[in-house]
Amino acid sequence: MTITPPALSVFESLESEVRSYCRSWPAVFDRAQGARLTDEDGHSYLDFFAGAGSLNYGHNNPVLKRALIDYIERDGITHGLDMATTAKRAFLETFENVILRPRDLPYKVMFPGPTGTNAVESALKLARKVKGRESVVSFTNAFHGMSLGSLAVTGNAFKRAGAGIPLVHGTPMPFDNYFDGQVPDFLWFERLLEDQGSGLNKPAAVIVETVQGEGGINVARAEWLRALQELCHRQDMLLIVDDIQMGCGRTGGFFSFEEAGIVPDIVTLSKSISGYGLPMSLCLFKGELDVWEPGEHNGTFRGNNPAFVTAAATLDAYWADGQMEKQTLARGEQVEQTLLAICGEEETAQFRGRGLVWGLEFTDPERASAVCKRAFELGLLLETSGPQSEVVKLLPPLTVTPEELDEGLRTLARSVRETA
Amino acid sequence: MTITPPALSVFESLESEVRSYCRSWPAVFDRAQGARLTDEDGHSYLDFFAGAGSLNYGHNNPVLKRALIDYIERDGITHGLDMATTAKRAFLETFENVILRPRDLPYKVMFPGPTGTNAVESALKLARKVKGRESVVSFTNAFHGMSLGSLAVTGNAFKRAGAGIPLVHGTPMPFDNYFDGQVPDFLWFERLLEDQGSGLNKPAAVIVETVQGEGGINVARAEWLRALQELCHRQDMLLIVDDIQMGCGRTGGFFSFEEAGIVPDIVTLSKSISGYGLPMSLCLFKGELDVWEPGEHNGTFRGNNPAFVTAAATLDAYWADGQMEKQTLARGEQVEQTLLAICGEEETAQFRGRGLVWGLEFTDPERASAVCKRAFELGLLLETSGPQSEVVKLLPPLTVTPEELDEGLRTLARSVRETA
Amino acid sequence: MTITPPALSVFESLESEVRSYCRSWPAVFDRAQGARLTDEDGHSYLDFFAGAGSLNYGHNNPVLKRALIDYIERDGITHGLDMATTAKRAFLETFENVILRPRDLPYKVMFPGPTGTNAVESALKLARKVKGRESVVSFTNAFHGMSLGSLAVTGNAFKRAGAGIPLVHGTPMPFDNYFDGQVPDFLWFERLLEDQGSGLNKPAAVIVETVQGEGGINVARAEWLRALQELCHRQDMLLIVDDIQMGCGRTGGFFSFEEAGIVPDIVTLSKSISGYGLPMSLCLFKGELDVWEPGEHNGTFRGNNPAFVTAAATLDAYWADGQMEKQTLARGEQVEQTLLAICGEEETAQFRGRGLVWGLEFTDPERASAVCKRAFELGLLLETSGPQSEVVKLLPPLTVTPEELDEGLRTLARSVRETA
Amino acid sequence: MTITPPALSVFESLESEVRSYCRSWPAVFDRAQGARLTDEDGHSYLDFFAGAGSLNYGHNNPVLKRALIDYIERDGITHGLDMATTAKRAFLETFENVILRPRDLPYKVMFPGPTGTNAVESALKLARKVKGRESVVSFTNAFHGMSLGSLAVTGNAFKRAGAGIPLVHGTPMPFDNYFDGQVPDFLWFERLLEDQGSGLNKPAAVIVETVQGEGGINVARAEWLRALQELCHRQDMLLIVDDIQMGCGRTGGFFSFEEAGIVPDIVTLSKSISGYGLPMSLCLFKGELDVWEPGEHNGTFRGNNPAFVTAAATLDAYWADGQMEKQTLARGEQVEQTLLAICGEEETAQFRGRGLVWGLEFTDPERASAVCKRAFELGLLLETSGPQSEVVKLLPPLTVTPEELDEGLRTLARSVRETA
């Protein structure tokens, strides 16, 4: 009798070895609504991952879905490069009225291409052009993207090695609390800048995440961010806040830097800006930095108009008042309570976070993976982060209900217990 | 009486100076269908630009639109990173069955992020990893994208300067016919490779467009492409065909390199791969080159599932038989006849092209811009290309009707006459 | 009556503006012997500068002079590239017998060209070849030379800017005591190396001076050097000691690192290695690192045979026993006593040093220059160093007599007083 | 009976594997005079290599020797950094009076360190500073030195690989006759410069040798050099002539570019400038380019005063009238006649050259090495050059007598015959 080995799925036979999430979550997903995905076998999963922060308003949010379908139905412009369109105008006006003006933010808006790394590349180009210097300072465990410009300011050694060329023009500095308080903030960075013999190439800019998502949910304190802004002013460097994962309400306010009261020179947004998981990104910068020549940076998918439609809808629906922020902070407290309890039981774990982004770090990196694996079996999507994948990352949709949150947190606690 | 100056539009007041197409085409577009756009004042425009090659199947193609709305309606996964989804599987299977297998192409498929420059960055990374060398050869007047890796192999001096850092690890070689036949093909390139004293850093790969779109509609001959492939084999370099603008049927066959009978080691696709103008790109490579580690290259919007749905629909609708290719070639002949006539009347013009991509070059670069400006006034969208913007580029949807094509070509001819 | 302005000297009219020492010391020097120079007007100057450390045995040392003239008289090979010569053999044998063997140092000897920067360039090349990595770590305020490879690991911002290209592939780390003891040694460096998310490109090697001469006479402690060596071993990086200025007895022992009991993987020597101020340099490395191919690094003046002759003579005359080291340490104590007294009187000054290299730092950088200027008027040659030129550097010949030393130190003390 | 293997010489046991000439010429040289060296066993060798062009006036030239010994005897300054000295002044005045003024050359003089690569590094720095661009164009098979700046504009792949980092900021262009006349001069280079889409980074400068010594004795025609100068002027690039090997009379005139009637913006000199094989180099540049800040480029051995003494003596002795040039051209004709005869007999050989630098190229690269090996056995020193070491290089001292020249040429002819 001949045994026929089961056919390889097309994912295994045709898709490149580079695929990764599908390895951790061996299911074929079919539909999704709010905080839940359903696979083709009808199993349901609670999503505490939210498209790596791209689905702050949940999957296929009904408000946005309506606007999106209406737009497609009526043959609105889909692909618009950087032509003027009614959808783009509506987005710009809403963004100005709902986001920029109430916060008194003096920004021009650039559509640099639809992905986060497009936004980061454009931010770095602009900073270098304005200052006439090549070097940019980033921070330990930063993540800014996979194209060569962004990768050069990203910390992860494995990702960096993928470049195939030496990544230069960037220098890492210690992120907040990198030395557990042993060293005064900015001691090293400031000394290098002030010392004409230090060997540091004078930076055009500093690029920072207020909370490092991929880096392990490292939360910069407000006073650290303010001191960084002051250092940038003193040393004639531009401050770029990469708010791709932490912006759009993830930490509470629309921008993650609002709480610190700083006004970065350049801000990048992507992930949840369209609200529906559609590719879109923005690069914002102070008006006086708008030294671009027409077409100096371009790209085919800068004008993803369906994304503009859902983006404008999110602003109208969620940001016209302060409800969203309040709710996020309340949900965050709910998470914090559970993590406190978990870490009370499990000594090798500690947690940190802000708003609705939290990390649960284990002394043993294997443990974090085991927790995520067990959670998946129990129907909860969770990812690890950090240089050793030692942190379980909690990133539920901001629209998660208290009940869903409670359900997910109970599954997390159970997964921790069952992997002890 | 006080005259109030008209308020600046939000495009002028809020959007960055980097915007460009909206300057050439001062209208606010609202809807589109097939080969026509309509602005908010109800004016209709015939589109011979097709989203810079992203709308080969026309705007809001009804077949694709139906599939897209159905998918959204039923809450199909929108944002999927690189999770396995039913939409992705359907696309992969269709791509294999309709495109790869009939052409006997031995490729693995990578989803490198949704834009062309993501695909190029991943292709360059992979080539460097496989060969362990940094240098990549590109061609004069090449265009591969705006992120730093892609920009380093792009020719345009103005775009390059935007990098703000010296762009290195790339060397340009003469594209086909760069010297109007005065110099044997590859004489310079091959000599540099063979001469151990030449000073050329040995390249990992060569990246080429079969027809340079942004570079001025420069068409490589089939024999030149074959000789390039042979040179790559002889000199242990990978051959990357960037088919982002010329693939998906633009030149007739699905891949632009089919006609030459070559099999590149790596192929990039984007623009019209989704068919609906939705951001999507692919990097294809021979199976033995699939040395990626899981997650070595990643990105948030790799899994734009609505795009997978429309992409699969285009393959089913247009590529299951040879009709599309035949039709494109027929339409191309129609264009060629008109260009022949125009150049008969206008001595300072000459033309070139393949399939449905054509260029009309003027001795005086100002003239090309004038022609496009006049065409716009007459309701036809046309863009220039080439290093001096000296070429009027014709890039109508492949689905354009003979009547629309005729209408547009007549407008073009009139614009040429009226700008003489 | 017309007054004719004095003719510009040929130095001013013909020599480039890059000239510098001749500006601080406006005299035309003619002859020199031991610790004294004489200008063309017959004025005598005591030399506490010693050719920036190239004249440890004094000017035109009679023992070496005899050997040199004999060699020239008998038509010994002058220019020998890397041919075998009797003079080179004699040097190699003496170097092995007098220097390497008694210290149990496992080094091969390379003649990389006659200047310090040639030696550093060869050391960096070798380290990169051995480890297959590009990056090299240097220290704040390091000085390693002016050619591009060496300049990239040099700290001084003014010199770095001269490169005209971005200097990359190097990262500065804090030298010993850079934070006045506020921060544990190597905290930053080690953390970056251990953290896979730090963003530091893994270094092939670390290059260090045991005492930074140009950087301001910063003295690394023996325990710091030992800890650095351990860190290099632990992290698979090569340790390069640049002993160009501090070697050849300047700090007491022949190599400046002997006192710390470390054995660097690679050592560079130049300046006083020939003993007579003739251009010569060496690159020493452990035998297992000798992976050079024949001719992989070369240079026209590698075989400066007259320098080999005087070099061998210095080893025979000064290093066959321990007298030289003892004498240097004794002279050093003499200097230390005076500096102690000066700093007792002058509160804004502090001093540091080892062997016969000492620095007197002033809070006000202008003061250091004023002291050197006054000293010159009083017949003493002294140079400043440090990033702000805030340190008066004492570098007398090792062969200085106690009386000369006393005379010079008295002049220094007077210069300090008179510039208060 | 135990057989003791012969002890390794110290060259083999202690010197690095990088040594190379001593491998081709297995003798230990002891003395030298004029065109002859003597090894320690008393064998005499005729020198057609002349220290790779550093001994144009022969070994230990008596006129220079006298001046050198006198200077040393009277304790003249040996090591002077860039202090003003009487020896330096004498050299500068002589250089101005004998070399610059009679040729109407508008140069300032810089002492960049004593080796050729120091001079090239300073030339590149200056060009980049003046033009504010990073890129420099060099030519196929160029050789400019081994430090990183110079190596980046050097052609040899083996030497380049030694860098251990990617060598960037340089682009090779075809040297004169690189395509045996198939391609118009500068077609490729000029086209790249003029085409704004070419992808060539606009160069700050072009660096060229008039005759490529290491590259295989490739002789640029005067008209090619003139056209290159014109191209540089037209395209705002500085022209750097690296005259390190071909200057100081090697091709006839003092500068090798005199014959072409060009005036480079920057000129490097080294090798035979001291005349005695002592390390020395110069960087000359037009006065308006002298934008150096004091000390912006420096180096320990810039003031090798004994070399200034012999350098001034060569100018007085050989360049005060036109005799030297005339004699060199006459000797060159003598060489040419012999090479003509050799190539008449040996069909696989061809020759080329100018003044007293000639190359005899063989179709089979092994043959060139065999000829040099046989010549050594017959007492004649000859080296190969070219990317495949396929060229026997003739570089006798300019002071060689007709009889010595005849003797050497006869040995060469015999070596060619005996290796057939």
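Quick notes on this structure:
The chains carry the letters A, B, C and D, assigned in the order they are written, with residues numbered from 1 in each.
Throughout what follows, a residue touches a chain if its C-beta (ideal position, glycine included) is under 8 Å from a C-beta of that chain, and two chains touch if they have at least 3 such contacts.
Keep in mind that this is a model prediction, so the values were computed, not measured.
Note on connectivity: the fewest steps through touching chains from chain A to chain C is 1.
With B-C and C-D as the two chain pairs, more C-beta contacts join C-D. In this entry, A-C is the pair from A-B, A-C or A-D that repeats the interface of B-D, since more than half of their contact pairs coincide by residue number.
The distance from the centre of chain B to the centre of chain C, each centre being the mean of the chain's C-alpha atoms, comes to 58 Å. If you average the CA atoms of chain C and of chain D, the two centres end up 30 Å from each other.
The residues of chain D that reach two or more other chains are 134, 158, 165-166, 169, listed in rising order.
Residues of chain A that touch chain D in their complex: 165-166. Residues of chain D touching chain C in their complex: 9-11, 14-23, 25-33, 37, 40, 51-55, 59-60, 65, 68-69, 72-86, 88-89, 92-93, 95-96, 108-111, 113-118, 121-122, 124-125, 127-129, 134, 145-150, 152, 158-159, 161-166, 169, 204, 270-271, 276-279, 283, 285, 290-301, 304, 306. Put simply, chain A touches chain C in their complex at residues 134-135, 138-142, 153-158, 160, 166-172, 174, 178-179, 182-184, 187-188, 191-192, 195-202, 215-216, 386-388.
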